[in-house]
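As written, the chains take the letters A, B, C and D, and residue 1 is the first residue of each chain.
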Amino acid sequence: MGKIDFSMDYCEGAHPIVLDRLLKTNMEQTPGYGYDSYCQEAADIIKTMCGNESLAVHFLVGGTQTNLIAITAALRPHQCAIAPSSGHISTSETGAIEAAGHKIITVPEENGKITADQIRQVCDEYRNSESKVHITQPKLVFLTHATEYGTIYKRMELQAISDVCKENNLYLYIDGARLGYGLCAEDSDLDLPFIAKCCDMFYIGGTKQGLLFGEALIIKNEKISEDFRSIMKQRGGLLAKGRLLGLQFTALLENDLYFDLSRHANKMAQEIRNRLSQKGIRFFVENTTNQIFAIFPHEALEKFQQKYIFDVKNKAEGGSSIVRICTSWATVEENVQRLISCLQHEL
Amino acid sequence: MGKIDFSMDYCEGAHPIVLDRLLKTNMEQTPGYGYDSYCQEAADIIKTMCGNESLAVHFLVGGTQTNLIAITAALRPHQCAIAPSSGHISTSETGAIEAAGHKIITVPEENGKITADQIRQVCDEYRNSESKVHITQPKLVFLTHATEYGTIYKRMELQAISDVCKENNLYLYIDGARLGYGLCAEDSDLDLPFIAKCCDMFYIGGTKQGLLFGEALIIKNEKISEDFRSIMKQRGGLLAKGRLLGLQFTALLENDLYFDLSRHANKMAQEIRNRLSQKGIRFFVENTTNQIFAIFPHEALEKFQQKYIFDVKNKAEGGSSIVRICTSWATVEENVQRLISCLQHEL
Amino acid sequence: MGKIDFSMDYCEGAHPIVLDRLLKTNMEQTPGYGYDSYCQEAADIIKTMCGNESLAVHFLVGGTQTNLIAITAALRPHQCAIAPSSGHISTSETGAIEAAGHKIITVPEENGKITADQIRQVCDEYRNSESKVHITQPKLVFLTHATEYGTIYKRMELQAISDVCKENNLYLYIDGARLGYGLCAEDSDLDLPFIAKCCDMFYIGGTKQGLLFGEALIIKNEKISEDFRSIMKQRGGLLAKGRLLGLQFTALLENDLYFDLSRHANKMAQEIRNRLSQKGIRFFVENTTNQIFAIFPHEALEKFQQKYIFDVKNKAEGGSSIVRICTSWATVEENVQRLISCLQHEL
Amino acid sequence: MGKIDFSMDYCEGAHPIVLDRLLKTNMEQTPGYGYDSYCQEAADIIKTMCGNESLAVHFLVGGTQTNLIAITAALRPHQCAIAPSSGHISTSETGAIEAAGHKIITVPEENGKITADQIRQVCDEYRNSESKVHITQPKLVFLTHATEYGTIYKRMELQAISDVCKENNLYLYIDGARLGYGLCAEDSDLDLPFIAKCCDMFYIGGTKQGLLFGEALIIKNEKISEDFRSIMKQRGGLLAKGRLLGLQFTALLENDLYFDLSRHANKMAQEIRNRLSQKGIRFFVENTTNQIFAIFPHEALEKFQQKYIFDVKNKAEGGSSIVRICTSWATVEENVQRLISCLQHEL
């Protein structure tokens, strides 16, 4: 038997209900490029869930693709994005935004989050600069929710960020690769309609949340959504058999499956987290979603790595490492119990 | 019962064997981004089929994505691509290549094809130009096989093109979205090893050949393949669950399924083509692959459109239209017979 | 004594009055980047000449730079420019527009010009396309005036083009590298206020019209002019000592010098043209500005090339070549007489 | 009488000898685009000064243009530049490098400089990364000399940087907008041949060193210089009357004028610096070139600003500001004495 992989939330394929939907419709003939009824249906579900029928909804294959196309559509050449220093576009997309022509101004994160004040400060600096022409113009704020460190924004924090964006004529964009895990955190006070109100655009991630692949980008701002599909096609982001995206999202979003799966992952993480706490393990970041950032002594880590795959992020001080343990919609309760039992004995 | 769709070769999902492979492996845990054993296996199969173990193989999601990333990786800023005026990058990708910074020099096509002489002429014009600095430098030839008009290159033609590319220091790249349909045409004298010898890169299309999605890009030239995955990631073309591509291609390429499906589509097209000929219908282009370009009188067309979906390309002269009728791996024999019978009666 | 160069209109430096202005102000201290009083003054003169005080005026160094920055500022990623097949951006700028991410749709020129009907047709094709998402969106029309063939648009033609642009939501942009030569043609019925009314932006060329370098870009459309200097800086088009541009344009535009020089060049060309006609030389294109496109028998051409430099464009049929003979603000009457005398004897 | 401007080193036009050269040659006819004998002559002088006849030399108009074209020519899409956080491309070019598609990795500067160790560390991080494909590849180091803070690299420091670049397969590029001021600093132990040995490319700045405009880019690495002029043209950086650049550089580089002017500026700065020191004024950065970064109490600053223009960079702590006082080739000794006398009385 192989090692059990807790290193990421995209180790497996798709939730069986999702796969089943693909199977059942497999030989149907539909138009291409997302002009099918399944995409229409999925878009309608999302608009209803967001409480806003005038939103534009587009389905893309992956997160980097979604981020780069969304930002490409939103910015003029001299405009830049503000992002946390830990933001996915800053650290993990091989310069995709710069390759699309735009600078990213990074702001120091705390637990993966940034604040309205930090954003205001960047805008003030630009506004007060005497050489405005020589620097890029802040025009879009990029957040992730849940963040790269599994933390979440609270209602008041997001409201404040949204307000500062409106005051400063900035677009607010949320990368929701793990939006479900974020929304279903036990201490979350956010919901989809609130996010749709705060943002100019955001996406509901599917790849890490139970689909084979797929992200649903929701655009409220009509300046951005105008001709959006043309830009998707141009950047290679318009799937020929677009229905695959519509079908998967329909399956995921019906009957609360999306939230059920998110809650499951968070619960599995919490059980591991509790045991780690009991054993005196400290955390690099405290959070309540599907990612755990634990500080493991090297000796213990080596033992665990014989049976489990973790994502070892960094050496920390004093002979220990920061380890990411990730659960997901697919995490099997039995494997979690096995890990917990192992933690009990080996730590 | 709905209309039967003959308008394109990506109306359905995937061949059942392909889907079955996804189902059976669904809950396996694998590394992401194509570093899994299935992608390795698929790459190995492809290298063996091409008779060259030193090729680089990368799996991408769609054709436009593959074309734009391949060409981005190949060209320096002042270099351009030569393509037939009917080439997919010229007509159907929303300026993706230009958005990546490169001009396309189009060459008049005949039946979707261009010749070695035409390419040589473009190169000679550049070489002889007195203002070389003011024009873009031809560096890559883009072909499709089978072409957008369903025609194929013959061995001597492709050899001549490959030779003129080598003489002029041009890369040769073949878009193989329908490579199987091309290779399995009854009058084809090409095979994969020959294509691999002639080209610097080409792709084996999956989206139109039996997969849910996926294209396998084969790169022989090391200048292009160096760090290729970084460029894939940067342009949003590196699938998180990369194994989905490896798995599908493995299923498609094992046991000759890829060629069997291609032959099936071609055979279905030939049956329709034969009946059309018998009924005196002329063709806009003569070909032997899965696309038929027939010239239909408007009156007949309207009758057919009550039961069938075709891709009506253009009004032609004299009250008729150019109609594309497309078969595929998924085309059901029974539907073809029904169409043939209908042709028999209505024409 | 060297050969006399009639091959282009930028062989010499600047008109003495222009140089003198640089000399006299040389040791003055001014702010950089065009924020000096000379640029302000030049902009004011131009606005007055155009009869519109609300225009934005920006000074750039060269034509390719001006074209690429203007078009970069105007277009969203999926939008393209329509240009004559002979347009400078199509033929002579090393793919600068494509390098900025935009396709150019070329329209067949007649004597360097295109018509409102041709533009309408491109727009109609886009509008009627069933795969709009797969093609670029026409958004800007690029013209040159005088054209690359020295021809000019008439008032009614330009009005019609302007109308079709407005109807189709297209920007109209005129490259005025030789605007003066065009406006001062004896058969011209255009003037600056009319051009300013018809266009969203255009430039008054300085490099070929008496300056060391410099083009004055006039932008009427506020969507384009917003933050325009930031884009200039970003693309390397904001001259540190911007006053050099303001100073030169002030000198050129005061006291009608710009038009006087333009008329001089046209007159010199006309004298040569007349003699050529008398000697039975035919023209590749008939025009009335500073460029002559004559068809020279090879034998005669070789004789002339011993004393004069022409721009030999192409072999024409029957042992002759198309030769461009160019006058400019700097053309010395005496040299023209010498050439005319030579033509008299050698043809 | 107006205020005397010490805010920058490009307040005036050009050194009289340079202007005189333009005047004397003004009506000569030469080929365009830098194919004239003056550019050839200037290139030859530079190659000789650098002690390497096989260098490529190209003349451009301004610094941002030079940086963006040089870096565009050097990097593949996934590659990035390493620069000091204070580097001109990082802070003052409106995202020009990102607009060309490339990320800049900034490294904390000390007095405007970075070290070989810092560069090695960036390379090691990339090399050791487990997700190399998800981050950009360091490929070029960008330095300025003299730096934005007027400091200079010493021979051993630059040698160490050059070595670490070679070890890590990085290009080394020096922005020499103020190269003369740097080379002529009293504590400099660098010269042009040494710089040419250390770098893959660098430029000798003209705009801030006595020319109207112009930068001479020297490229040693043939991978970068191949077809370089095509890329210059494409990005709008090929001056039509290229001779203006050749002529100016010839005038500047003959008879040691370039170094004489540089020494003059440094001497003027030193005199001001000495007086400031005597009066107990502290410096934000200690340096020996033409820029002074002094910390001025607000009260004193306000007095000076009645007669002089300085570049006030930042509020510093305790009621004082960081002020840049800049001399140049054009600084008049008498004005310096006046300022010194003023400093004597007002501080």
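The definition used in the following text is that a residue touches a chain if its C-beta (ideal position, glycine included) is under 8 Å from a C-beta of that chain, and two chains touch if they have at least 3 such contacts.
Bear in mind the structure is a predicted one, so any value in this text is a computation, not a measurement.
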item: Intersection of the contact lists for subunit C and subunit D; value: A, B
item: Centroid comparison with subunit A (C-alpha atoms), farthest chain; value: C
item: Distance between chain centroids, defined by C-alpha means - subunit A, subunit B (Å); value: 34
item: Inter-chain centre distance, subunit B versus subunit D - centres from mean C-alpha coordinates, in Å; value: 50
item: Intercentroid distance (Cα basis), subunit C paired with subunit B, Å; value: 43
item: Residue list for subunit C, restricted to those that touch at least two other chains; value: 77-78, 93-95, 99, 101, 133-134, 136, 230-231, 233-234, 238
item: Subunit D contact footprint on subunit B (complex, rising order); value: 33, 72-73, 76-78, 101, 132-134, 136-137, 227, 229-234, 238
item: Residues of subunit C that touch subunit B when the two form their complex; value: 77-78, 80, 91-95, 98-103, 131, 133-136
item: List of subunit B residues in touch with subunit A within their complex; value: 2, 4-5, 8, 10-14, 16, 19, 22-23, 25-30, 32, 61-66, 68-69, 93-96, 99, 207-208, 212-213, 230-231, 233-241, 244, 330
